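What follows is a single structure, and I will ask about it in a moment.
As written, the chains take the letters A, B, C and D, and residue 1 is the first residue of each chain.
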């Protein structure tokens, strides 16, 4: 816990959550749970959710107007880090992506009817949802390129298109789809977000994409989805027409903080495993692994890098709280690649420290190694963020590369 | 193909093998085969083996006295690279570890009876074998630490111990076990290699260890094995008593070349995928991914590093051919960490180039990412080899760190 | 300026100092000043010192009891960063090492007479001083190994020994020498700090050590010094007998912050040069350097790393202010290697961005490249700090490597 | 010496040259020689040149038709490595750039009169020369951008322009200047090479550019040169009109090999210093530096990387010998950045191993650190070569980026 950003609320909540995770979730990290279908572990986690509710720790992300604590982004970031020290933390506390983002979207921009029908059960953990944006035909580096369309026909949108990496679609009650509604508008004003119940005719989950050996199911799915003449009432649009990217942009700051703090939690967990191993593993009689400088180097560099990463993210969260996300866009770009790379380095060093055991599913590390490689890709690849950050900086120096990509 | 080391035989064989792989094996790289149980793909591969035999490409590793071509290590290394451009190449050509090493061991050091009973069917691909050395209780960095014992009782050894990472044990017909036979000898003279049929009473495959999300089966298994009063005739010993480490050492040079050339084949395959993607993927209208300098950097650095790695390995193979492995021990250490790291960097860059598709099992890359992380660990971790190499060099400068580990 | 740690005082001072540096010091960065003897530029800087005094910016480091502002360490760190954007900043503001540390030592631990004779003129910038600790015979990684002795003879110490890297000795009025006074005490209680006027008989400046092509003189000297039966009164001891290392330790926290913030100032200056170049240099008609992704990568990574480094250092300073240096020893180790490496990477990238001009003395970058390479060595090499940090962490995990070096 | 490429001639020459360097040149590596003006050390080296001649080792680079040994490029590369283990090697053996390249140019393309007047004394070491190509106004990444013109006026060229980094101009007898002679031709056919005696009216050495603290003089100069209406007879053109870039291209392959092998020689020298230090330096009683894994890591990685680099370069030289430079352009690009980076890493690690002594001019390392940073810049920056290599590879994959820079 970084003292600099600690508040009375985080000082109260963090230890309680940490204790919960240690008692209830870490024992669940068996090879069976880590390699089996998620639906299996979800059965167990759903019981743990009751304990979370009993402990008064449910809905930590909600604002005061939603009956929540109204934590600042910086406070919630610190919560998110602790949750991430178990791969099951966010799910158990109902703070998992994409539901957490969808809840926020619905809360802010949906009609009361939609709220009642979808937001309420989502908050209670009775249903799940997905977010349907990325398309296989277009590069993620330019999100405004979209093939999916939603055409008004009377009082309904008729949606057609193909999406993939629609995370958690398997078993979700609804999707929020990004679709072009006003094709002739400026690129950033063409799309809208529309809520589509997954039981709507024409919504078809083609497959759960197998990723890094995990076939994916339930919340752990990354699905390919086809929309074929899916018809939903115009009221299912979230926010005004053409504001899809504006709303996505709005999510971006908080979403980035959530991701980055989750990565820091993962880093801390791996760091802890690495140090435990180094301190106890005998490599020859009387000599522990941690006496070796190579391992000491892993530990020291990881410690410095994780601390640096956390300070970067919490500073950014703090600045979003104070000044809004728009004013710290450079920071929001920087943390993306900085923290993802830090995490992956720490995971890698921890595996190396464990040797052969590090690559087995007896241990959590291989799970992170597989499931988090995507961190340098999704939500903007390293290369996209580095280029964006540099171009934004160079603009202050008089170079506008807007129309010149390098 | 590196012209410097090409011979008439490699110039003949390499293109033929390459064509075979392209036609017969690359089409097998489906998500089903890459994530399913190996036994399933093995059924298909066993048919392909017949095609290999028909094409006159079976048993490429064998010496002239075994009815083979008698390729030099340097020549076979070049074959091994091509085989490795498919994850199914070595298996299909019956050159896969650990069988290739076991064949060599039996050929050189086993009794005629053992040869007839085990070597013949192994060469023909009718049975498989495993090699049982690593133990969970002892660090792999010091292989002479062994808990498994083989005690003479009349004309039989009685073997007790626990091994793990006994690769390919699931379904193997026999194991070659490293066990302490002369506990009072010098550390390097304590153990012997003993052939144990897997149907011997007391041989127990505890489990296939799940690794990086792959539960493992058949040839693709990494098993935990218990030996409980396993009784085998003294004739099952491979080589003289106490020579276990000497024989292991003998395997080391060729085994290292096989591994390293396999990694180079993997690197080339990933490089090829990366370049294809860069040349064809449109990231915005009229702009291909390969026009971006970040991607160009991936390609240029990979090209240089793979070439360097290959030269290192083939030079080492060539020197083993000429002078024997003992005279180039430093080179043999150096290629281990140099090539493993090169491969993993190339795999990682290729994934990054593909973006989201790179982490899916639709593509081969994720398979390599998961299954080859171990390259920096097994057969001596990076750290062990770096330390060994440096200490060997420093000895020439007058510093003997034998009894001083740093 | 990092808003998180800004105070009313830094908000007032930083822009004023920045303006001063831009107007008065940056124009002095000519090849002549950057490669010539320091005494030459010092003549100019001594005039600038008058301007500093006039501007009311003299003595920024002093406590309230010294007639200064009593800035916190965290505040002064932010000042130090700005000063470091010119290689002449600290000297001009009389905040340069080793004088700043010596002033603090004398202020806290010297007799009134010593203060009057040495501290007063030092504060006023009329004399300079040096700190004499490192010895050529002993590795810097273990500072308690010392060959220099100070033996009591009546009311005087008789000092004998050889030191090197006694920075700024050339032209200094006095040295503070670390010498063994109680050889039979515990290692950390053996040495005392003693003030030696450089005109004392037996004090001999053997040579200014040429470093990275800079022969060194005046404040810019790194000297080898011999003490031959140098006799000074017992009152010249700073602090109690045997407390040399305790006092050195006391300096360590603040000294580390000063160094690290100086490196961040250097990083920012080089970053600014790099961005200016990238934004303006045409590499072919109509194409600016900054449009190239390789350069964008330099810029983006540098921005993230410098920000991270600054947050790490200011957090540490803030914690020293609140809890004392002893409680954040790990942080103090971590920033040493983290920030030094960040700086050297940024300097290197800036040079690469400038191409051939980057290595000329027409530009500041080559100066930093040469003069700051030592940052990874002095005051504890990277390797020493990494090992120390890791061992301190591992202690919390139950491994005490005190007597076991790895 | 890499056995793979050794020939009878290199087996004979290399040890003799090595012995010469150890006896005659290494003792010259004093701070005085390393930091003083080159003219001072040149006086000594000129005497050593007589010893070289006596030893029959003069003119090793010359072809049989020039009375030399006619070494292959691959053989001479191995000689060049040994020469580079002293910073004074190439000069003493009269194989130094740019004279070695100019000799080759004159030998192949100059008139007999020019040869008699300039080539003869150059071969004998009686005069020196320089090569005048780079211009301050244009980026080195595109060498065809040139502002210097040579206009025919009767039987003479009238040359006007400004050059910098005209290496070794100070004291040179002549320059070979690249100037535009046919401005309307295709970009690669616009320029010619013209020999300009430095005493020609209008040739003006503006200054020796100070680089990394070395003001530069004599052979060690990097000069800014102005050509103001310099008039030379048309016969002073080297090769046909408009072939300037063709001839430069012709030099490129051999020149690259010379550079790269020189860098490998430097790497080996630093490696040797590093190992000596590691084996002998006591860091605490009874413990040598080389027992520390961090240092072992430096040594092991350096060993592997230098070996890899050498194999890359000698393979390329061998291929140029066999197939010509045009057929291995990718290799020639790859070695540039691969070897330069290897060298700079090794120099850096060696400095780190020596600690404070490593940055002093008491040792050779600081000299290399300063003088070789340019290796990643001159003759095409890393970034330029990486991009060129990748684009050449991607062409084989169907992407022609010729008109699209990224």
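The rule we apply is simple: a contact is a pair of C-beta atoms (placed from the backbone, for glycine too) under 8 Å apart; a residue touches a chain by one contact, two chains touch by 3 or more.
Heads up on the chains, UniProt names are A, B, C, D = Acyl-CoA dehydrogenase.
Model, not experiment: these values are computed from the prediction.
Asker: Give me the chains shared as neighbours by subunit B (Acyl-CoA dehydrogenase) and subunit C (Acyl-CoA dehydrogenase).
Answerer: Intersection of subunit B (Acyl-CoA dehydrogenase) and subunit C (Acyl-CoA dehydrogenase) contact lists gives A, D.
Asker: Compared with subunit A (Acyl-CoA dehydrogenase), which chain's mean CA position is the farthest off?
Answerer: Chain centre farthest from subunit A (Acyl-CoA dehydrogenase)'s centre: D.
Asker: Approximately how many whole Å separate the CA-defined centres of subunit A (Acyl-CoA dehydrogenase) and subunit D (Acyl-CoA dehydrogenase)?
Answerer: Computed value for the inter-centroid distance: 52 Å.
Asker: Per the centroid of Cα atoms for each chain, what is the distance between subunit C (Acyl-CoA dehydrogenase) and subunit D (Acyl-CoA dehydrogenase), given in Å?
Answerer: The computed centroid separation for subunit C (Acyl-CoA dehydrogenase) versus subunit D (Acyl-CoA dehydrogenase) comes out at 38 Å.
Asker: Let me have the rounded angstrom distance from the C-alpha centre of subunit A (Acyl-CoA dehydrogenase) over to the C-alpha centre of subunit C (Acyl-CoA dehydrogenase), please.
Answerer: Going by mean C-alpha positions, subunit A (Acyl-CoA dehydrogenase) sits 43 Å from subunit C (Acyl-CoA dehydrogenase).
Asker: If I count partner chains per residue in subunit C (Acyl-CoA dehydrogenase), which residues reach a count of at least 2?
Answerer: Only 287, 292-295, 297, 383, 386-387, 405-406 qualify.
Asker: Considering the complex alone, what residue numbers of subunit C (Acyl-CoA dehydrogenase) touch subunit B (Acyl-CoA dehydrogenase)?
Answerer: Residue positions touching the partner: 292-294, 297, 405-406.
Asker: Okay, in this complex, where on subunit B (Acyl-CoA dehydrogenase) does subunit D (Acyl-CoA dehydrogenase) touch?
Answerer: 2-4, 275-276, 278-280, 287-288, 290-293, 295-301, 303-305, 307-309, 311-312, 315, 318-319, 330-331, 333-335, 337-338, 383, 385-387, 389-391, 393-394, 396-399, 401, 404-406
Asker: Which of the residues in subunit B (Acyl-CoA dehydrogenase) come into contact with subunit A (Acyl-CoA dehydrogenase) in the complex?
Answerer: It comes out as residues 31, 34-35, 134, 136, 139-142, 145, 164-165, 209-215, 281-284, 287, 289, 292-295, 351-352, 355-362, 366-367, 369-370, 373-374, 376-378, 381-383, 386-387, 405-406.
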